[in-house]
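In structure tokens below, several structures.
One chain, chain A, appears in both complexes that follow, with chain B as partner in the first and chain C in the second.
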Partner chain A sequence: MELYQSTIHELQDKIKEGKTTATAITKSVLQRIDAVEEKVHSYIRVMKDEALSAAAEADKEIKKGNIKPLSGISIALKDIVCTKGIATTCGSHILHNFVPPYDASVVEKLRAAGAIFVGKTNMDEFAMGSSTETSYFGPTRNPWDLERIPGGSSGGSAAAVAADECVASIGSDTGGSIRQPAALCGIVGMKPTYGRVSRFGLIAFASSLDQIGPFTKDVEDCAIMMNVLAGYDRRESTSVNIDVPDYRQFAGRDIKGWKIGIPKEYFVEGIDPEVKAAIEASIKTMEKCGAQSVEISLPHTQYCLAVYYIIAPAEASSNLARYDGVKYGFRAPASELLDMYKKTRMQGFGAEVKRRIMIGTYALSAGYYDAYYKKASQVRALIKKDFEEAFKKCDVILTPTTPTPAFKIGEKTDNPLQMYLSDIFTISTNLAGIPGISLPCGFTKSGLPVGVQFLAGHFQEGKLIQVASAYERKAQIEKRRPKL
Partner chain B sequence: MEFETVIGLEVHAQMLTETKIFCSCSTKFGAAPNSHTCPICLGMPGVLPVLNKKVVEYAMKMALATNCAINPTCEFARKNYFYPDLPKGYQISQYAYPLAEHGWLELEVNGGKKRIGITRIHMEEDAGKLLHDEHNPVSYVDLNRTGVPLIEIVSEPDIRGAEEAADYLKRLHEILVYLEICDGNMEEGSFRCDANVSIRPKGQKEFGTRAELKNMNSFRNVQRGLEYEIKRQQYIVENGGTIVQETRLWDDAQGVTNSMRGKEEAHDYRYFPDPDLVPVIVDEAWIGKIRADMPELPQAKRERFISEYQISAYDAGVLTSEKALAGYFEEVVAICAKPKQAGNWLMGDVMKFLNEDKKTIRECPITAASLAEMINLIDAGTISGKMAKDIVEEMYQSGKNPREVIAEKGMVQITDEAALAKTISSIIDANPQQLADYRAGKEKLFGFFVGQVMKATQGKANPQIVNDLLKKMLAK
Partner chain C sequence: MKLTAQEVEYVAHLARLEITPQEKEKFTAQLNDILLYIDKLNELDTKGVEPMSHAIGVTNAFRADKVAASIGTEKTLANAPDGRGEFFRVPKVIE
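Right after this comes the complex of A and B.
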């Protein structure tokens, strides 16, 4: 097996045993990028020189016996997390030349843990999309079928892990942007509890929903990444100051006697039959693990999409107001102020971003606020309550991650509503602020990955690691690799 | 027709915190453009605000001082609009749930007392500043002021005239400065005021159409601007016109208000709760802590000065106009126990020197202990009041205490009766004609003899003793 194909824990063991070096791993991953990046286009920027010099530094430390949790591990960052001195574009023309003078908190944490950053990954513009097709830098392709989308908005980060162009990566999830591409690319992706991982330096899409999380090749790696990422940050007011457990400890435990909640509202028409079959098989696997499945109800599920598409665009319309051409980023030439604003934003933002800014602006307007934003906030509270009630009856909830496997590039670009429906099973999690994980649960006949999603109560990421690793061990999903 | 004026005031006061409301940049005025900025106040992508707790505490002080109820929970909201001095494209302010509401401030009106309602006090961040190039069609943006903490104090439309408005502002200003939460500097914009003005026929209940008045940067301009605006509105109504709801700017040089031509009128600020900040929870314990930390407020101090020191309302007003002055006065009185004299010296000579030098009482070279000592020396007869006038000036110039000044200048009063009698007798001997005239009934000449004695003693003779001795010796 090549180094670039390995997991974090495999590479960690090799480094500890002196069987490999940070430089060797980095070179292996960079070679892999050279070989497949043209087909997949996971990256907006590959940080070859930075990665190699960071690896050389890491090797010095490793030689001294200073081995950290991610020493020498190649990590890719979604181009929505700010990197000091390195352009951070958010997949947008308007920020194509923006170089932050600061690192995001997660970047600081990863670097302190020994991670080697190999690049900034592609994404839907400002994380608005479910296919990575709205990127200013062109679409990313699904490594399992290059005609298909990798999911989104963190499609680049998911594809990079699936195509072995990095060992693990960072994404952000506002309505499913980690879990949905993880499912469509056949890897593990976790959205932590809102407030668990610092948002400082994460370019905001919808501040009350955004959360950073990892993409990994297996559940144990997810636990390793969460150990590094999670924790209180006084630079974020919504960060929550509660202890971070050692997530890795949850990875080997069994789930005998657990109650697995199956929300009846999630198994309705519209689910692809092959996805449905895979999920039903997953429920059986849970039972084989000694858990018991129970039917639960999340009665406000039908409103999730509507609530999300008011709250997220409303917050976005305000969050994106700062991109006005005055201070940084793209500025369209114009003779006076109003003209400059209009041209800059008209040319700087893509169609989907403009669509959401307009929806959000409308929802917040005088005379509409009560009917839209306020009402949506009220329903959001009910959705949150649905989950609180549900978790009284079960330990975790199991659902499909997506209603269908990866669709074709261009298939839904002309139909935003169809596109929005691909997040139908992931959105409620963000509205409730709870954590969720998606992991592979099988393949369709045509060889496309299918994902299963587990959800738990606030700050119960440990439970998710536990159930996901139990599932992973029992299900023994065939270890396939995309043919590239 | 007789009209009644209805005025409501919105005051923005800059909080005297060291750092900005949502980042750790300095709030100091006058630095090089954009030197007091960081990614947070520059509104860069991905950065987040963290509330400066001091701002809440300062705002709570003002709320308590103006009898407001502090809400157990308040929240920040975004006020969305585009302007180059607003780097995020929104101002973080408070909207639906402000920090405090339902307060009042008491004014003295026509010898009686009148309460002006305070609708709300909320916290917000200031915007930056645009600098326009005089020679080129470009503007520069200075974001030093961006994120400087402000509180907005909104009054009820309870104010009935320009003078009353100015009075309200002065009281508000005085409290802010007393609380040491605002430097009150109107020129630098630390204390700003907008006014909503309307008129209505006397007796009418409904409000008239209001104009919002801006750009009045002194108490005097507020009064002048309002007076002009009231007259303008009366003129329109009396001539059959109608008032337009609009924002008007006071032009200090021309002495008129001009319409902003609806430029800002159509704004929909799309307020919504800021998702980057959590609600501020204020419990009773916190309020109690702030309350315990409150200084005596100007009005209470004035009343206490009148009753405790037996001084006039006017003197009490002057002495409490500044917290430091009141503190100085009380320090002097604590040592010499002569409030009337202390007040007179302070409001007379000392204030005159300070005003001439544009100094504040904090910078006064005469310590309270020195002034008290000087008053005691007058009282003990060691120096005369007249000598004291020179001594206090020397104390002010040199910073020395009165005993040092007296010793240096040999200014101790001559109270030795035998020595003075000797001087007087030689003066009588030298002026036989005047003595004869005095004895013949020309009593006005008494003053001549006093003058001669003072001249001979270089003004150091104790006037009372001189008087007594002269009377005796001239009568012989």
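Right after this comes the complex of A and C.
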């Protein structure tokens, strides 16, 4: 097996035993990027020189015996987290030349843990999309089938892990943007509880929903990443100051006697039959693990998408007001100020971003606030209550991550509502602020990955690691690699 | 139709977006589709339900009002499309 194919824990063992170096790992990953990036297009920017010099530094530390949790590990960052001195574009023309003067908290934490950053990954513009097709820098392709989308919005981060162009990566999830691409690319992706990981330095899309999380090749790596990412940050007022457990200790524990909630509302029409079969097999696997499946109800499920498409655009329309061509990024020439704002935003934003700014502006405009934003916020409270009731009856909830496997590039670009429906099983998690994980549960006949999602109560990421790790061991999903 | 083309134009103005006649036509159709879908929410009686604005019960997070290091003018202006001295430069605002 090549170094670039390895997991974090495998590489860490090799580093500790002196069998490899940070430089060797970094070179292996960079060579892999050279070999497949043209086909996949996971990255907006590959940080070759920075990575090699960071690896050389890391090797000096390793030689001194100073080995950290991510020493020498190649990590890719979604181009929505600010990196000091390295352009951060958010997949948009309007930020194509923006160079942040500071690092996001997660970047600081990863660097302090020894991570080597190999690049900034492609994404839907401002994280608005489910396919990575709205990026100003062109689409990313699914490593399992280059004619298909990798999911989104963190499609570049997911594809990079699936194509072995990095060992693990960082994404952000506002309505499924980590879990949906993780499922469609056949890897592990976690959206932590709202407030568990600092959003300082994360370019804002919908502030009450956004959360940063990891993409990894297995569940143990997910726990290792969460150990680094989680925790309070005084610079982020919604980050929550409660203890962070050692997530790694949850991996490998059994789940005998656990109750696995199966929400009946998630098994209605519209699910691809092969996805449905894979999820039904997952439920059987849970029973083989000694857990018991119980039917539960999340009665407001059918309203989640409508709530989301008020709340997320409303918050986005406000957050994106800052892109006015004055302080940073692109500016269109104009002789009057108002004209400059309008032309800058017209030329700087793509169609999907404009569409969402328009919905949000309309929903918040005079006379419509009660009918839309207030109404959506009330239904959001009902959705959160559904989960509180459900978790009285079960330890975790099991659902499909997506209704279908990866769809074709261009298939849904002309129909925004159809595109939005691909997030139908992931959105409720963000509305309720609870954590969720997606991991591989099989393949379709044509070889596309399928993902199963587990959800738990607030700050119960440990439970998710425990159940996902038990599933991963028992299910023994065939370890395939995309042919590239 | 919930939203006319004129209203779409007005919303674009509020959002400080210039839109082309083609975009206006396309957005009018697409936004109407989306708003029609969102109407689903009116099936629910939400009288007396407290609107939820945050997932976790966060209250104001205060810290001591102490002066700390900031990034400074030079770095702040480094990304400006048009900066001069200590200022961002924009087209003339005052008549």
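In the analysis below, the second predicted complex is superposed on the first by the 484 of 484 C-alpha atoms of A that agree within 3 Å, B and C clash if a C-alpha of one lies under 4 Å from a C-alpha of the other, contacts with A are read in each partner's own complex, and residues count from 1 in each chain.
The working rule: a residue touches a chain if its C-beta (ideal position, glycine included) is under 8 Å from a C-beta of that chain, and two chains touch if they have at least 3 such contacts.
Keep in mind that what you see is a predicted model, and the values were worked out from it rather than measured.
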Does chain B (first) or chain C (second) touch A:C82, or do both, or does neither?
first
With both complexes overlaid on chain A, does A:F330 touch chain B (first), chain C (second), both or neither?
second
Return first, second, both or neither, reflecting whether A:Y369 touches chain B, chain C, both chains, or no partner chain.
first
Which partner reaches more residues of chain A (counting touched residues only), chain B or chain C:
C
Regarding the shared-chain residue A:S208, is it in contact with chain B (first), chain C (second), both, or neither?
both
Examine A:V307 and indicate which partner it touches, taking first as chain B and second as chain C; both and neither are also allowed.
second
After superposition on the shared chain, which partner residues are touched by A:R380: those of chain B (first), chain C (second), both, or neither?
second
Which partner does A:W144 contact after superposing on A: first (chain B), second (chain C), both, neither?
neither
Using the superposition on chain A described above, determine whether A:F200 touches chain B (first), chain C (second), both, or neither.
first
So, does A:R322 touch the first partner chain B, the second partner chain C, both, or neither?
first
Shared contact residues on chain A for chain B and chain C?
98, 101-102, 208, 234, 237-238, 317, 321, 324, 326-328, 337, 341, 361, 365
For chain C, which residues count as touching chain A in their complex?
3, 7-8, 11-19, 23, 27, 30-31, 33-35, 37-42, 44, 46, 49-56, 58, 60-61, 63, 71, 75-76, 78-82, 88, 90-93
Chain B residues touching chain A - in the complex, by the definition given at the top
39, 42-51, 78, 80, 82, 84, 87-90, 141, 268, 270-272, 275-278
For the complex, which residues does chain A have touching chain C?
97-99, 101-102, 193-195, 208-209, 234, 237-238, 240, 300, 302-303, 305-307, 309-310, 317, 321, 324-331, 334-343, 345-346, 349, 351, 354-355, 357-359, 361-362, 365, 372, 374-382, 384, 416-417, 430-434, 458
Mind pulling up the chain A residues that touch chain B in the complex?
80-82, 88, 90, 95, 98, 100-102, 104, 199-204, 206-208, 234-238, 314-315, 317-318, 320-324, 326-328, 337, 341, 361, 364-366, 369, 373
